[in-house]
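Structures incoming, each one as structure tokens.
Look at the two complexes coming up: chain A is in both, with chain B in one and chain C in the other.
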Partner chain A sequence: MALGFLLPALALLGALVVYPIVFSAYRSMFDASGNTFVGAHNYTRIFTDADSRTAMRNTLIWVVVAPSLVTVLGLIFAVLTERIRWASAFKMIVFMPMAVSFLASGVIFRLVYEGDPHRGVINAVLTTVHDTFSSSSVYPGAIARPGSPLTPAPGNAFVTTTGIQPGHMVLLPLVGLPAAQLPKSATQAVPAPAPPPDGISGTVWLDFTRGGGGVQNHVDPAEKGLPGIRVQAVQAGKAVASTTTGPDGTFAFTKLPAGTYTLKLPGGNFAAPYQGVTWLGPSLITPAIIGAYIWIWAGFAMVLIAAGLAAIPRDVLEAARMDGASEWHLFRRITVPLLAPVLTVVFVTLVINVLKVFDLVFIIAPGSVQPQATVLALEMWRVSFGGGADQGAGSAMAIFLCLLVSPAIFFNLRRFRQEQ
Partner chain B sequence: MYMKGLRATALVAGLLTPLAACGSSSTTSGTSAAQPLKGVKIEVAAKWTGVEQDNFLKIAKIFEGETGAKITYTPTGDSLDTFLAPRIQGGDPPDIAVLPQPGLVAQYAGQHALKPLSADVVAAVDQNFTPYWKNLGSSGGTPYGVLIKAAYKSTMWYSAKAFDTAGIQPPQTWADMVGPASQKLRDSGVKAPFSLCGASGWTLTDWFENVYLSQAGPQMYDKLAAHQIKWTDPSVAAALKSLGQAWQPNQVAPGALQTDYPTCVGTVFGKKQAAMVYEADFVGTEMSKYPGADQDAKVFPFPKVGATQPVELGGDIAVVMKDTKGAQALLKFLASAEAGKAWAALPGYFSANKNVPPTAYTDAIHQQLAQTILKVGDDARYDMSDMAPAAFGGTDGKGEWKDLTDFLRNPADVAGTQQKLEADAAAAFK
Partner chain C sequence: MAQIVLQDVDKIYAGGVKAVDALSLEIRDGEFMVLVGPSGCGKSTALRMIAGLEDISGGTVSIGERVVNDLAPKDRDIAMVFQNYALYPHMTVEDNLAFGLKLRGTPKPEIKKRVADAAKMLGLEPYLKRKPAALSGGQRQRVAMGRAIVREPQAFLMDEPLSNLDAKLRVSMRASLNQLHERLGVTTVYVTHDQVEAMTLGDRVCVLRDGKLQQVDTPQRLFDAPVNLFVAGFIGSPSMNFVTAKLERDGVSFAGFKLPVPADVFETKPGLSGYAGKEIILGIRPSDFEDAAHAKPDWALIDVTSTVTEELGSEINVIFAIDAPPVEHKDTLALAKDATEGEEEETAIPLLDNKALWTARVNARSRVRPGQSLELAIDTHSMHFFDPESGLAIGHPDTPRV
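Our next item is the complex of A and B:
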């Protein structure tokens, strides 16, 4: 009789849970075609294949970092909202990301992390802040042509290759700057007038005639001077004099002691504009995706912990306050220990969730960094469907993932039973 | 897009109804003879969307008008295998599937999921295609598929304005393109000569294939494509070394590894940070988004690196999955010059059918490309990575795609790249 009532549930469970697991385990012992038995080969492959090792390393980083950060943030938010006036509004805002689908969140963060400051909001903020404190240069990207008297030096600077004696005029050609981006003050370049015997004069100009005409390293009529460039006269590694070019690109040093000088155009003239951080590159991709994950899940942790917080007996807190405990002591010695069961449930739930993370990684990481960003769940999909079509190896990863998740599930189940 | 297609269908159906009524009233027997497939339903699955899908539906309409069959189009999404595998296993595949890679013909033929072409389809293929293209749709000597839509993959797109400013002409040789021409472009103030789409590996494999086809020649190309020679071969080293000249950091617009395919076109014609972008004829549809690009964008053939003028094609191969009369008849139609000409009149289409004349195309660029392909004849080759097993040549972040992305990151590492390519190829080709 009892069995009769259980039967529908059992049949459903069997068809939807037990059968797929058993079939995956069976399938995992066959090769890609599904016809050849390969035993444990697909399982050893998880530990030998470079991509799945990266996936394992990344999953480990995720499990170590994400659940604890989310739990701690949730705890902080929960405790803070007890004390602020607009608590409900604040909670609603923090919880709101949970209402957005993960796919949509992934798309949002793909844009947020975009490298181009015109598109990615984080880099837009970074570059704005950076440019507020250090102005960008006027001539980023200038290059010295091979065969010109200038050669690149460390820190975007250019130096002359040969020494120069006072009494000489030097031509310092630069190229690689769009003519349209020159300052309005720039006028036609001219060779600088000859200097006095104790001086060095010269011209810094854009040695490029539109359409490719003109003679290289020669001031041609259509070419413009580069105004406002700092020029240093360097002797024995030390700048002894410094000047700035005029609208026609000319500059002049006077009253230089006798000796040989090299001229230096310091890097400040040519510093490339700050481009922000390459969030979607191979080195920062995992932290970047974890950031998106925290944005989504902090609200979940906060709501559960806030519920636990509301259930804490107030009299204990009051008693401690009467005894003169500080707020920090209250938090550490009373609130956290009393919340421990809730915190553990939140943490373990997040661990299970993090082990399965797939959508965020799949969407945020561009194809070229997917190998560096991959986690076990994503790798399982990539191996089974992402072109390799090796569903044997994919099933093996699924079973492996299942084994990793099951301790956490058993832990949660046991807690439920104890609480009952 | 789907809605638009639906509305168009409804509209056309509405227009056709009175005509059909007219036809049936005059001679009833004549209609059934003229429409031998009346009432037959044919399902076609392909990954085309947007304009590509609309254009196919227009061609399908011609077939429907001639035969009375009804074609349903099912878009598969990006991952064709994810779509097809469950339907094959469930015993309900589409009548015709359009495979984006010849490698998949062998894969599905191995799973006994394909039906051989009927005799009249094979006759149509023989009449309209050279043996090389016929072989691409075959597996184990049995013809299974027809290359119904090609992409011409040996085109460099460039900004005429940037070339004018720098005072250069489209380069004829690789050495000129990566040497003096690049230097002049940089001098003129363009940030970099080339815009690369390195966020995904597929455009990078096309770069490599053009260089290799030109430098090592078509015979070596076939051997490497079939993995009869190893990727550690000196010819591969030479090709990578040449490729490295174009992929140096100062040759490539910044952020190439985070730039995906459509965005890299914008780097040249929208943001104007580079002067050239390499990809197939279909860049044309992409660049039309940017104001003024239709005046500014020009094409020159991928320059010779070695002795051969490289001509590389990609394309979609239609295969029969359910052996019905309708499916075979539709394939025969799609293999014909008639369908090729009609399709060529629509934008964004290129045909490998030798009986589709250059005049069938409406724009000058496609006419020029069609002429080149006739001139090259048997030396044209199909995209190598698309012929390889998908695990090597068709997966984001794996195999050749990943190895060439890494090479773009560090173009000095020729030997290391070769070793990684060979290891991945050996694993995929076994």
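Our next item is the complex of A and C:
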């Protein structure tokens, strides 16, 4: 009789849960074709294969970093929002990412982390901030024309090959710069006026006439000066004077002591512009994806922890205040211990979730970086379907993952039963 | 130890509700002051302002010589006992007691000694290693007490600490509280809505209503000389009987009765004679009645028919109707509302033909039964007279002369 009532549930459970697990365990002991019994070979492969070892290392990083960061962040948000008036608005905003599908979140963050500052918002912010505090150079990629007095020096700089005495004028031509890239202030280049006896003057210009026709190492009428270039007068390896070119590219040193100088155009004039950080490259890919994960889950942690906070009796906090607790003491000695059950549930739930993380990694990591970004769940898919076509090894990995998750699940179940 | 002085203290909540209105109160060093009043009278708010858990909207609170308006609770050197005990559930009894001392950086041996002393005083020694969840209500209350005691603060603040205990335990805890105060002599401010607690515990009792101070005095003086109808009706159980009566030089008449007013009553209540020939509100305490058979011979007599009798063993409460409508003054209405827990629907006994029900407390030897007629004697020296307009006691030393 009892069996009759149980049967539908048992049949469903058996077909959808028990059978797949048993079959996966069985399948994991066969090779890719499914015909040859290989024993534990697929399992040993998990620990020897380079890709699956990377997956294991990354999963470990995920488990160590992501749940604790999300829990801590959720706790901070929950505690802070407890005291502000528009807390519910704030909570709604932080919780909103949970409403977006993980695939969509992945796509969003793929764009956020884009390397080109014109497309990836993080790099756009980084380059903007960077350029605000250290102005980037205007003339990246300039080269000295062969036969000019300039020769490249270490650190993108250029120096004159011959010594120059005060009282002389020098021409310092550069090429390799697109005319369109010149600053708007640039005007037609002119040879610098002759300097006084104790000075050196000169012109730095783009020695290139559009459409051809100009004379090399000579200031032609259609050629533009290069404004804003720093020029140093160097004597015995030390910069003794420094000046900047005007809109027509001319510069002048005055009151130089007698002697021989070399002129230097420091590397700062020609450095490549700051391009931000390569988030989606092999080295930063895992932290980047964890960042996206935190964005999604912080709201979940916050809402649960805030509910826990609300359940702490107000008079206990007041009693602690009367007992002499500062806000920090209150937080550490009263709030956190009383929240411990909630924090544990949140943490363990996140650990289970992180062990299974797949979609974010799959979407955010570009195909070429996937071997570096891979985690166990993704590696399982890659091995079985995504090119590996070895469902034996994939099944082994699935069983392995299942074993990893189960202690956390048992822990949560036990807690649950205790609370009841 | 220190005195606590409240000077014109106001508390206005965000919605503009005035919870405490110009409260001035001086609590002397070592005194046990009870704040009492119906729910919502502002007594807890006043206490929380002394504690520093509520901002003070106006006026000053000083503890000792210091004005503490802007001090955080932890810097006021006072300890508080909460209604729901407010023990730290994750700490053992011992840690609960030691928490405040640890935060203040008291040396370890000193903490140990103080905790041991307090535990001994309160009989908590067997429970020191237990968590609060494993304690009974009374034990938790004692831990809460102990947490205040170990701190050796300037003052104790207690917010209805006994109201969560069952009746019997409450009586015994009341006695131990009394003892404790005797022993420690620490200034104590105690909030309760239970006038019996107020009367038994307080050196002085402060009656509050709607955030306003009504009367501060010793329990006996509150009982004997209430300053207005509200205090008269609030203090004493069963509460005072009221009736609108006509005062003459030779007596006061109401509901077909005429009681003589002794000459010395007119002398001790200056201004009373000015009311001769006018209407007043007469108040008689149930304990100023007696069965004529057991009363002193010089008490005035009235004949009544008992409606209900409550036999308490040592005495009998006789409830009877008098031929007069109940007094409808704002003070008595407020009391009635409080008795029904603020519900609109009147839950008390329905009135018989709009007749006031009075209670008399008579000797248990009087074998009065419901429905019997009874001759009651009244102590006419202890009658209370109130102005029907203002509700103020006539001739009370604290009342401004009319």
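We adopt the following convention: the second predicted complex is superposed on the first by the 308 of 420 C-alpha atoms of A that agree within 3 Å, B and C clash if a C-alpha of one lies under 4 Å from a C-alpha of the other, contacts with A are read in each partner's own complex, and residues count from 1 in each chain.
As a working rule, a contact is a pair of C-beta atoms (placed from the backbone, for glycine too) under 8 Å apart; a residue touches a chain by one contact, two chains touch by 3 or more.
It should be emphasised that the depicted structure is a prediction, and the values quoted were computed from it without experimental measurement.
Asks: Looking at A:Thr278 after the superposition, I want to know if it touches chain B, chain C, both of them or none. Which is it: first, second, both, neither?
Replies: A:Thr278: touches chain B, not chain C.
Asks: Kindly classify A:Ala241 by the partners it touches after superposition: chain B alone (first), chain C alone (second), both, or neither?
Replies: neither
Asks: So, does A:Gly213 touch the first partner chain B, the second partner chain C, both, or neither?
Replies: A:Gly213: touches chain B, not chain C.
Asks: So, does A:Gly141 touch the first partner chain B, the second partner chain C, both, or neither?
Replies: A:Gly141: touches chain B, not chain C.
Asks: Contacts for A:Ile294 in the overlay, against chain B (first) and chain C (second): which applies, first, second, both or neither?
Replies: After superposition on chain A, A:Ile294 lies in contact with neither partner.
Asks: Of the two partner chains, chain B (first) and chain C (second), which one does A:Ala222 touch, if any: first, second, both, or neither?
Replies: Neither partner.
Asks: Mind working out whether A:Ala124 is in touch with chain B, chain C, both or neither, as first, second, both or neither?
Replies: A:Ala124 sits against neither chain B nor chain C.
Asks: Looking at A:Glu318 after the superposition, I want to know if it touches chain B, chain C, both of them or none. Which is it: first, second, both, neither?
Replies: After superposition on chain A, A:Glu318 lies in contact with chain C alone.
Asks: Once the two complexes are aligned on chain A, which partner has more residues of chain A within touching range, chain B or chain C?
Replies: When the residues of chain A touched by each partner are counted, B comes out ahead.
Asks: Report, in rising order, the residues of chain A that make contact with chain B in one complex and with chain C in the other.
Replies: none
Asks: Quick one: which bits of chain C touch chain A in the complex? Just the residue numbers, please.
Replies: My answer: residues 51-53, 72-74, 78-80, 82-84, 86-90, 99-100, 103-104, 147, 151.
Asks: Which positions of chain B touch chain A when the two form their complex?
Replies: So the residues of chain B in touch with chain A come to 79, 81-82, 85, 107, 110-111, 164-168, 183-184, 186-191, 198-201, 254-255, 257-258, 260, 390-391, 394-399, 401-402, 405.
Asks: Along chain A, where are the residues that touch chain C in the complex?
Replies: Contact set of chain A toward chain C: 313, 315-316, 318-326, 329, 333-334, 337-338, 340.
Asks: For chain A, which residues are in contact with chain B within the complex?
Replies: Within the complex, chain A touches chain B at residues 33, 51, 114-116, 141, 143, 145, 175-179, 181, 208-213, 275, 278, 280-281, 366-371, 374, 382, 385-390.
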